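Below, subunit A partners subunit B and then partners subunit C, in two separate complexes.
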Partner chain A sequence: MSRQANRAGDPRKVNGELFTLTYGALVAQLIKDYENDEQVNKQLDKMGYNMGVRLIEDFLARANTGRCNDFRETADVIAKVAFKLYLGLTPVVSNWSTTGDEFSLLLESNPLTEFVELPPGHSNLNYSNLLCGALRGALEMVQMDVDVRFVQDILKGDNITEIRLKFIKRLEDAVPVGED
Partner chain B sequence: MTIYNFYLFDRNGTCLYYTDWNRKKQMTMSKEEEFKLMYGMIFSIKSFVSRLSPTDMKDGFLNYSTSKYKLHFFETPSGLKFIMNTDLSVGSMKDVLHQMFSSIYVEYVVKNPLCALDQPITSELFKNKLDEFVRGLPQFAVKPGS
Partner chain C sequence: MTIFSVYIINKAGSLIYHYDAPNTTRPAVEKTFSYPLELVLKVFDEKVTVAFGERDGIKVGHAVLGINGIPAEGRFLKDKREILEVLSSEKNYPINVKFGRPPLSINERIMLASMLHSLFAIGSQLSPEPHSSGIRTMETDTFKLHCHQTMTGVKFVIITDPKQGHVDAILKKMYEAYADFALKNPFYSLDMPIRAELFDNSLQSVIEQADKYGISNI
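And now, the complex of A and B:
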């Protein structure tokens, strides 16, 4: 995401392995620094959130999509535009709840976990938890409070990686402060 | 044609950046008061426009003109508000304001981890790039003698 990368052409063409390995080094360091997997998950989520908050501006500037009218449109934009732009893949949107406020992103492959095997004793670690934080942070900036979590993970022996998104509420615009 | 001044507000109503080029009438109140007044007006106009519109709106509020100047408005889905005052002969500035967002704000503020996103912008790089960009616009040209 550096400015240099932007000048050199399409940042999507930055070596994907560099990204994957850098992320791996980050997770490995967090595992060393924190006592348990829960805390590592929390840190990854927090870092992701901070990235998402900035990434949304980059996304809006590039994709030039307007405001989404409903959660289904949001799901489509996330899967077909955002994942494509930043990770080069298109997850499948499925498992809609009947009320339309919950859906899953199904990833057959996860670019973050390309070279990863979870060692025994880390069954609680959500290796790619940064993604959840990034989605949450980005959506919060467009006035959507959303809960994001992993429900299936290929690293843990599931057939597919599934990220569940649940719409909680719409955040209201700030009203200007009144005269004192 | 000429461009008078520029305001950038965040989603909470903080004025992130203000600058002027050919503002002839000086403000009669403190900057902080003026920012509050401007944000309040924009907020109200937005709500007016969306309530009174007889059809479904796509873009919402874009600009207004008085007998002396024209105010241009552009808002991102993330709630950033770009406001620019020009003279009356200037056409739509929507694309220009979008460009200020995508090639200046995103590049020099969002991608600068040292710039807090909810504080007034202090980056010199941003200031310079913005100034350079606006001065280079065809709408900026000041007619001699005007």
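And now, the complex of A and C:
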């Protein structure tokens, strides 16, 4: 993913539109290659996952955040640090479940969908499903099994884009030694 | 102030990268002997090593690296003659033998890496205090080992001069190089050995800068 703005002097900084356009080309190609939207969603999620498991190292290497000890802390880091770093926006964290294991990220704008209108007949397509995969993959590498999905999408006529994250379990056997 | 070598160990304990600084090759001593040889040699771990008798910089534990310019391969010379036999026959003397610390083979490195992985875990479990980390540093009189474990379980281990400072910053820079040049390489599969020239270069530049200017400039 493109890393935007606030990394002054980084020669690798690219225009955010490059990412948006590349992503658009990817989704358009997937729609051509696969028969239905469900399969496209699945592929996007898979690609996102593969990005997430690598991206997390980049994030940890730069962001200087410690280990999160509850899901609220995780939500804060994702919204305020990670989204800010990679997409240049800060989603609102809300709709906490009473047990504190589920929350939503509310995005008023989504840089991925900047120039996008969904063509008719793609009501099942989660255009930005790559984000779900990336979140899932990244959290899995820090030993959290989390379910991530879209519940609202501006592209589908909703007022806001909402990504729901549900904590399933901590991957105990994968926790590195000396961190419990 | 030097960094001797770098090891990266994945979360399963296997070695995925190692690097040795070129200026720290182990010294070798070459000497011409006449019959009989004044050193006691024995075969240890498939190498002919000095068991007893130290002289002229040849130390116990040094292995025979070559005879008359022919390099050794295990217990044999490159021309298939057995080293001990060559050294025991009087007609071969005077003879020129090269001794030195044998370099670590890749298998030995893999073994040492997984051993460190377990030691790290033992360190954490034996700790009298709860929530102890694993081994962070290990010091000897000739080197100091620093280990940084990331949250995802990857260990960055560097072996430095005991006086080397700013180690944390160096380790962090190496982690960044790993995140950039290993993980962003689309042809690198996770947890596998890293074979990427760009990564080699960026790691070397971290080391060089740490050596040359101190850490403040990297």
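What we mean here is this: the second predicted complex is superposed on the first by the 160 of 180 C-alpha atoms of A that agree within 3 Å, B and C clash if a C-alpha of one lies under 4 Å from a C-alpha of the other, contacts with A are read in each partner's own complex, and residues count from 1 in each chain.
To be clear about the criterion, a residue touches a chain if its C-beta (ideal position, glycine included) is under 8 Å from a C-beta of that chain, and two chains touch if they have at least 3 such contacts.
This is a predicted model, so every value here is computed, not measured.
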item	value
Most subunit A residues touched (candidates subunit B, subunit C)	B
Which superposed partner A:Asp173 touches (first subunit B, second subunit C, both, neither)	first
First, second, both or neither for A:Pro120, with subunit B first and subunit C second	neither
First, second, both or neither for A:Glu57, with subunit B first and subunit C second	both
Residues on subunit A lying within both footprints (that of subunit B and that of subunit C)	53-54, 56-58, 60-62, 67, 141-142, 174, 176-177
Residue numbers on subunit A that touch subunit B, as the complex places them	1-3, 6, 53-54, 56-58, 60-62, 64-68, 141-143, 173-177
Residues of subunit A defined as touching subunit C within the complex	53-54, 56-58, 60-62, 67, 141-142, 174, 176-180
Residues on subunit C engaged by subunit A in the complex (per definition of touch)	11, 120-121, 123-125, 131-134, 149-154, 172, 175-176, 178-180, 183-184, 190
Parts of subunit B lying in touch with subunit A, wherever the complex brings them together	11-13, 36, 39-40, 43, 58, 76-80, 98, 101-103, 105-107, 110-111, 117
